[in-house]
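Below you will find the structure I want to go over with you.
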Amino acid sequence: MNDYILETKDLGISFGGLKAAQNVNIKIKKNQIYGLIGPNGAGKTTIFNLLTGVYKPTTGTFFLDGEEICGLSQEKINHKGIARTFQNIRLFNNMTVVRNVMVGLHNDPAFKCTVWESFLRLPRHFKSEKAMRERAKELLKIFDLDDERNNYACNLPYGKQRKLEIARALATNPKLLLLDEPAAGMNPHETEDLEKTVRFIRDEFDLTVLLIEHDMKFVAGLCDELTVLNFGTVLAEGDTRTALQDPEVIRAYIGG
Amino acid sequence: MNISNLLDCSVMSGGGASFGDKLADIGRELITIIINGLSVGGIYAMIALGYTMVYGIAKMLNFAHGDIIMVGAYAIYVVMLISNPIVAILCSIVVCILMGVLIEKVAYKPLRGASPLAVLITAIGVSYLLQSLAQIIFGSDPKFVVVYDFGAINILGVRIQVFTLVTLAVTVVVMVALTLFVKMTRIGRAMIAVSEDKGAAQLMGINVNNIITVTFAIGSSLAAVAGLFYLLKAPTVSNTLGAMPGIKAFTAAVIGGIGSIPGAMLGGLLLGFVECIAAKITVIAPYTDAIEFSILIIILLVRPTGFLGKKRREKV
Amino acid sequence: MIEQIKKIRWSHYIAYIVIGLLLLFFAFFGPTDRSTQFMLEKIAISIILAVSLSLVVGFLGELSLGHAGFMCVGAYLGGKASVILQSSLGKDSVWNLILSLLVGGLVAAICGVIIGIPALRLRGDYLAIVTLAFGEIVRSVFLNSSDSSFGGTLGLSTPRYDRNSLYIYAFVIVLITLFIVQNFIRSKHGRAVTAIRDNEIAARSTGINITKYKLVAFTISAFFAGIAGVLHSFSNYTVQSATFGYNYSIEILVMVVLGGMGNINGAIISATLITYLDTKLSTILTGDRAILQNLIYALVLILIVIYNNAPALKSFRERYNFKVLFNKMFSKKDPSHRADDAAKWDVVPTKIEMNEILSVDMKPQNLGSDKPQKGGDK
């Protein structure tokens, strides 16, 4: 029904005098894996923060699947179908791995159970808990984390923490998944694995992925299209290969 | 207990019934409120300065600050038994500084880098500890001590205690001196650096631990002065002397914007006026504390950073 | 069969079992002397208070210094209700007790909602101060009430409830409190609350409605504090606003911290222990020496928090803690591989940054007029 799952229109934000992002127009088709790249400080994470409602834009708006969701709170935006991971990992460190994912399943209508039902431990409480645990285990299996499910999240190695964060985001059943530097700190082998996993979840869960990444090999191998940002503005966009060979982009990266 | 209840700053009765006399009465009443407000506010400002310094630099709410005032007042009481006021005041400042630094080293320093909630709970524990220690040493009945009687003067037909003016003058001088200290001296600039970013300050060669110790020393000496003001107003010391004023002065610091030196002054004076005005109106006088705390809650809700505070935001 | 018994997480039910057995014991061989009954009532009240405060401090991760304030509201309102009800229901009627408890609890719960609203915007020590201020406001309002409404400075006199049954009812209420609070914590909703504690930003991005859960946590906590207040008024025949000062809030906090934050069973044990020692010590330590109690509280509070949280003691803690020792003695389970019940944590989380008192969705136009701020990148 709608060509684009995400469409931003002149999205911009300024902090005091600093324009962290301006006139950003991104159009992402359904089921694409879309890259958002640029040098440090280009405003990539700012765009993520705008899309997830952490910041409210000073100009412009954006649409998810044709519906304007700009201005909603973070949790509402998540309910509408955008989930994200964070650059500096934000897990629930004092909870076990499986519970981290179960928090992600919290709003799934399949596991509905009101506060009152929990107070009194009515049958639905047990049913939903059990179903949530099963579903969480399934999700963890995708990321090879099911053996770790009873460990505390903070005790996981870095690479697994990144995967767990993706699993938790996935649990909220998003239409659009935002990954903020998913391959950061991973070795080439793990990166390769991740590449496969991202493709797999895209197909399996019928979703669209928007990712920020500095690893150009990873980006080139995975992304269908991308947008290059520099100083808060769009430098180039379009097909991955073409965009990466754009002389402007090369100059922005190497400097000069 | 409110400080203003203890104030002895009465209006000389006009006696006449004519309109002019009534007007003069109202005028005198106003002057009384202003002078009282400034003086009570001065004390709050003095305590609030201590809170603001420590909060701004060590990023912790030193709950025990109010109780250091009490320690200072007891120090004055003890030394006054054997010596004169000047010695007593100096001793009190030294005792408070030692106490402040000791508390910092023993209770707060091990928790640097731990969760702020843990630090806050420890600070509450220290406050409690000081109060109970004081009661064990000095007993629960209040001690009477007259530091110095400045007497009173008449201004425009209003009898004004001289110490109120002294309080105010000292507070203003201290505030200006502190501002200059922070802006002009090496240590002051190091303090600003530490308050902005501890890690970066350390990398720049600043000894963060020393700076925090100095901050506690300054804050505690301000508490000693506040203790002195207290004794000038009401010549009794008890172990809970600092608790309520401490909390209210924190209110003042928050109202002014925590971390801001002029903000502490502003908040203190504002709170002083509110207290004096509320005490004059019979209907609401018993609710003075409640009113002050309500103002705190409202200001925190409407402008959580206070009047002169800076906003910060969490990185995502 | 044996496998199934092994599977049961005894730590979840041990409190119910112990208190249940205790109740049975009381029903048949209850103490008849007033001082023991009074102490049991006090212990029950303390447990309710500690468990309910634990919900906010231990599981939501916010410090509340106004718990005695909620209790005060409950005590006055519930006490007043029982005064009014005793003419129609009779003073020893169970309905009198139940209705008064509900009135006190519900009004306290409303106060909990009111205090929960600042909790949405403020964090850390700012919220702690707001709760403290709330407690003082409540006390001051009741202290200055007229003699005919809430007794003013004289305090409110409440009916003398039947001595021989009150402490039993008190423990029944403890069971109900435990049932509801534990059920809440061990449900998906409790998990949401713990998620907010661990990482508020992540919780929001995961779709957790933090407004709802902060309010719910504060409301439940206040409700049971109010209930404890009503029990207090029944137990003491009188309600004095001076009782509910800031010191009382601290005493409850000591119970929670001593029990290990986020550990309900620990809170129950420490509440019992402290209240018992309190009563026993107050007969031994009289006059000025009574203050030794406060000294001990203060020291306990400081030492436990430093021991549990000091970064320098981390390796020491991991080698010598209760759990490790326990496992060494009774089972060979590897302590690093914990059970699938994550609600426990002895260390205060590092969620709150002192200077980050605002929630993150502040509008950018309000930000950084002082200095240009960088974007989120870095």
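Annotations for the structure displayed:
Going by the order they are written in, the chains are A, B and C; count residues from 1 in each one.
We take it that a residue touches a chain if its C-beta (ideal position, glycine included) is under 8 Å from a C-beta of that chain, and two chains touch if they have at least 3 such contacts.
None of the values given here were measured: they were computed from a predicted structure.
Distance between Cα centroids is largest for the pairing of chain C with A.
Taking the mean of each chain's C-alpha atoms as its centre, the chain lying closest to the overall protein C-alpha centroid is C.
Rounded to a whole number, the gap between the C-alpha centres of chain B and chain C is 32 angstrom.
Here the spacing of chain A and chain B, counted between their Cα centres, is 49 Å.
For the pair chain A and chain C, the distance between mean C-alpha positions equals 38 Å.
Residue positions of chain C with contacts to 2 or more other chains are 201, 349, 360, 367-368, 370, 373, 376, 378. Residues of chain B in contact with at least two other chains: 315-316.
Shown for chain A are the residues that touch two or more other chains, namely 45, 49, 54, 86.
Those residues of chain C lying in contact with chain A across their complex are 180, 183-184, 187-192, 194-195, 197-199, 201-210, 216, 336-340, 342, 345, 349, 360-361, 363-365, 367-378. Residues of chain A touching chain C in their complex: 13-18, 20-21, 40-46, 48-49, 52-56, 58, 73-75, 78-79, 83-84, 86, 90-96, 98-99, 102-104, 106-107, 111, 113, 115, 118-121, 125, 128-129, 132, 149-152, 155, 168-169, 171-172, 232.
Looking at the complex, you find that chain B touches chain C at residues 59-61, 107, 110-118, 120-122, 124-126, 128-129, 131-133, 135-136, 139-140, 243, 247, 250-251, 254, 286-287, 289-290, 293-294, 296-297, 300-301, 304-305, 310-316. On the side of chain C, the complex with chain B involves touching residues 61, 63, 65, 117-118, 121-122, 124-126, 128-130, 132-134, 136-137, 140-141, 143-144, 201, 246-247, 250, 253, 257, 288-289, 291-292, 294-295, 297-299, 301-302, 305-306, 308-313, 347-358, 360, 362, 366-368, 370, 373, 376, 378.
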